[in-house]
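Chain lettering (A, B and C) follows the sequence in which the chains are written, and residue indices restart at 1 in each chain.
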Amino acid sequence: GDESQSKASASSTESAGKYETLDVTLNDGIYKITLNRPAKKNAINYKMYEEIGLALLEAANDKNCTLAVLTGAGDYYCSGNDLSNFMNIPPDGIGAMAKQAGDILEKFVNAFIDFPKPLIGLINGPAVGVSVTVLGLFDVVYASDKASFHTPFSQLGQAPEGCSSYVFPKIMGTAKASEMLLFNKKITAQEACDRNLVSEVFPNDVFQKETEARVQQYAKLPKISLQKCKLVSRELEKDKLYQVNKHECEILMERWQSNECMNAIMGFFQSKGSKL
Amino acid sequence: GDESQSKASASSTESAGKYETLDVTLNDGIYKITLNRPAKKNAINYKMYEEIGLALLEAANDKNCTLAVLTGAGDYYCSGNDLSNFMNIPPDGIGAMAKQAGDILEKFVNAFIDFPKPLIGLINGPAVGVSVTVLGLFDVVYASDKASFHTPFSQLGQAPEGCSSYVFPKIMGTAKASEMLLFNKKITAQEACDRNLVSEVFPNDVFQKETEARVQQYAKLPKISLQKCKLVSRELEKDKLYQVNKHECEILMERWQSNECMNAIMGFFQSKGSKL
Amino acid sequence: GDESQSKASASSTESAGKYETLDVTLNDGIYKITLNRPAKKNAINYKMYEEIGLALLEAANDKNCTLAVLTGAGDYYCSGNDLSNFMNIPPDGIGAMAKQAGDILEKFVNAFIDFPKPLIGLINGPAVGVSVTVLGLFDVVYASDKASFHTPFSQLGQAPEGCSSYVFPKIMGTAKASEMLLFNKKITAQEACDRNLVSEVFPNDVFQKETEARVQQYAKLPKISLQKCKLVSRELEKDKLYQVNKHECEILMERWQSNECMNAIMGFFQSKGSKL
């Protein structure tokens, strides 16, 4: 009912008006995070990296939250890292920029590794880059049949993040993971389901209704059992995931300072919209 | 021929009349264990946990046994842990009961981890709970299309066992495993095959005949090579599996003493037959 | 164009006429290795084991090579280990023969573990034994629908190699891997794709054209990024792979000296062509 619906701020006086790039609600135990830069296809700028981490922390600590949901506003789920993050080289040079970006990314991914409650992705449309790779750290991922999944790393002179270099080969095998992570293959929602990145695919016109019904049902389950069911798996590989995340960020910091990467990103801006 | 068909006791004078809850035969190198409490849908009571462990040990040590098969009598494969195991709280309290149940479970699962010969599951009907989770420790699993696979842990205030918190994400990815282990999703035989928990599905009317033909053929293969082929894989993760099993049992001992679990189990008995 | 097409020797004066059992070309950044004993269904004799290792090393070191491709001449991809390797027992006995074969195999598999650039398998026809198992160490594997995949280890009294005892359960689950590695199941190209051993299957009549187009496109990607994208994954499990390879070779050295294996191989030669 209406009474149980509220901005997350209802359970935390500190969070009122807190989020610039997200829409956040807490409702019937469901902490829902909506990426909310639809005019930018929900590209993740530095502010959004930080706010997603804060929202996950708030969801983890809020005793009224049973589980969290992440989705996108508009037609896109998320177009990935906002490449304009790289357009303003600071006065202290590209090395400092790479270091800053690496630290932000590592902290962002760790927020997913650490999240102690069930985390459900509702992939309403195309997903690109880091918004795809971190899905391997979610518990359940439902996708609209309008969704697609694209990780064009080598094409942009970069390398995988979000622990995908470890998680993707684990869940889909190297032969399928490498098509995505080395060779920029864009896959459909059904292909992502066949590759175990997605739990189930729904026709777009029933996507909201069907997934909401499931999430509502899940949020009624015994809260502590749900956390234990998740943690018994996650604890097994938490140290490995931290280590992979750190290593991936180190490689990326090196990549971001390479000529290959700079040329590829400049090429991207020159032919924007036509390459990916 | 008839001569080669015998109760397992034929090769071990100690095992005559040994099993109350199982039917056990040794025939042409095939040690066949049939869960034999059809009136209880082959629910596993404490006696059956112990007897399955003993039968696996007997199969491991019997030089006439090339491989072992596990199946269920009647329409069910196995309805999982017999919840009446939890109905008689001993005088020394619920803590002692949880400790006893945890020790029995850990020993039971270790018997599967340690089994050194090929182990084939013939899933003739619905499988629930621990009878599903230990399938990840089998070598080959054939299922009738009447089989289903259901692990309602959080619904009963509990948590995964049988090393499923490690094996299920490994073989089917977290997105598919969490639907089962966190959110109680019941899956069909074909879905279990798509998730790599089952090797192949057969129409129910040819299930016995087709799987028997395969098992007969496998039992004729070079015996030591079969063991080496299994052990070269199993040895790689044996220590990990022991550790996971121990950790899962610790979590469950805590769960069994929780209010969430007690309320959920009482609710189950009050609405028996309608919930799972 | 024609100018960019050349034998690999073009970029290495030492390699002219170097390969007896392979055809090797370097063309537009693509180092293509073709197993070239079609009269023997490209069975791998000791010379070919050595030459594949050398060719991979050459491809790794050649700065003009962006990626490598492995395929087979004629209708077969590869019929696996040439069992005639075992027909001439040396004067110092079967123990010495097993030691030699184990060393050759371990070195061969390590060449795949160590290869630092993208490695693409083009499986043009049936693949058997070690030519199947090492596919788990490739990055991408494309198969013709005429391909099949067969690892008859226990049938020949042997045991898995090529790190398959670790990689196959990881990518397809134990229930599917054991059918292949324990019970000699021969699978189709589509089944290999469903099991994540193959990336994609093509109708045989368009196989060459379609896969060549993809490989050409991949070879134009930023070269160092491609290597980083591969290495970030491979480095995570390189030590594990070395260890698995070593362990598998030790088991095989023991197997090759066993009666089970000798009887099975003699049986194979007596009924050649009809068993596998």
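The working rule: a residue touches a chain if its C-beta (ideal position, glycine included) is under 8 Å from a C-beta of that chain, and two chains touch if they have at least 3 such contacts.
As the structure is a prediction and not an experimental result, all values here were calculated from the model.
Trainee: What are the chains that chain A and chain C both touch?
Mentor: B
Trainee: Just send me the rotation angle from a CA overlay of chain B on chain C, rounded to the nearest 5 degrees.
Mentor: Copies differ by a rotation of 120 degrees.
Trainee: Same residues or different residues: which describes how chain A and chain B meet, taking over half shared numbers as same?
Mentor: Since fewer than half of the residue numbers are used by both chains, the interface counts as different.
Trainee: Could you state the distance in Å from the CA-based centre of chain A to that of chain B?
Mentor: The answer is 37 Å.
Trainee: For chain C, jot down the residues that touch at least 2 other chains.
Mentor: Where chain C meets two or more other chains at a single residue, that happens at 170, 172.
Trainee: For chain B, which residues count as touching chain A in their complex?
Mentor: 153-155, 157-160, 165-166, 169-170, 172-179, 181-184, 244, 247-248, 251, 254-255, 258, 260-261, 264
Trainee: In their complex, what parts of chain B are in touch with chain C?
Mentor: 118, 135-136, 138-141, 167, 170-172, 195-200, 214, 218, 221-226, 228-230, 232-233, 235-236
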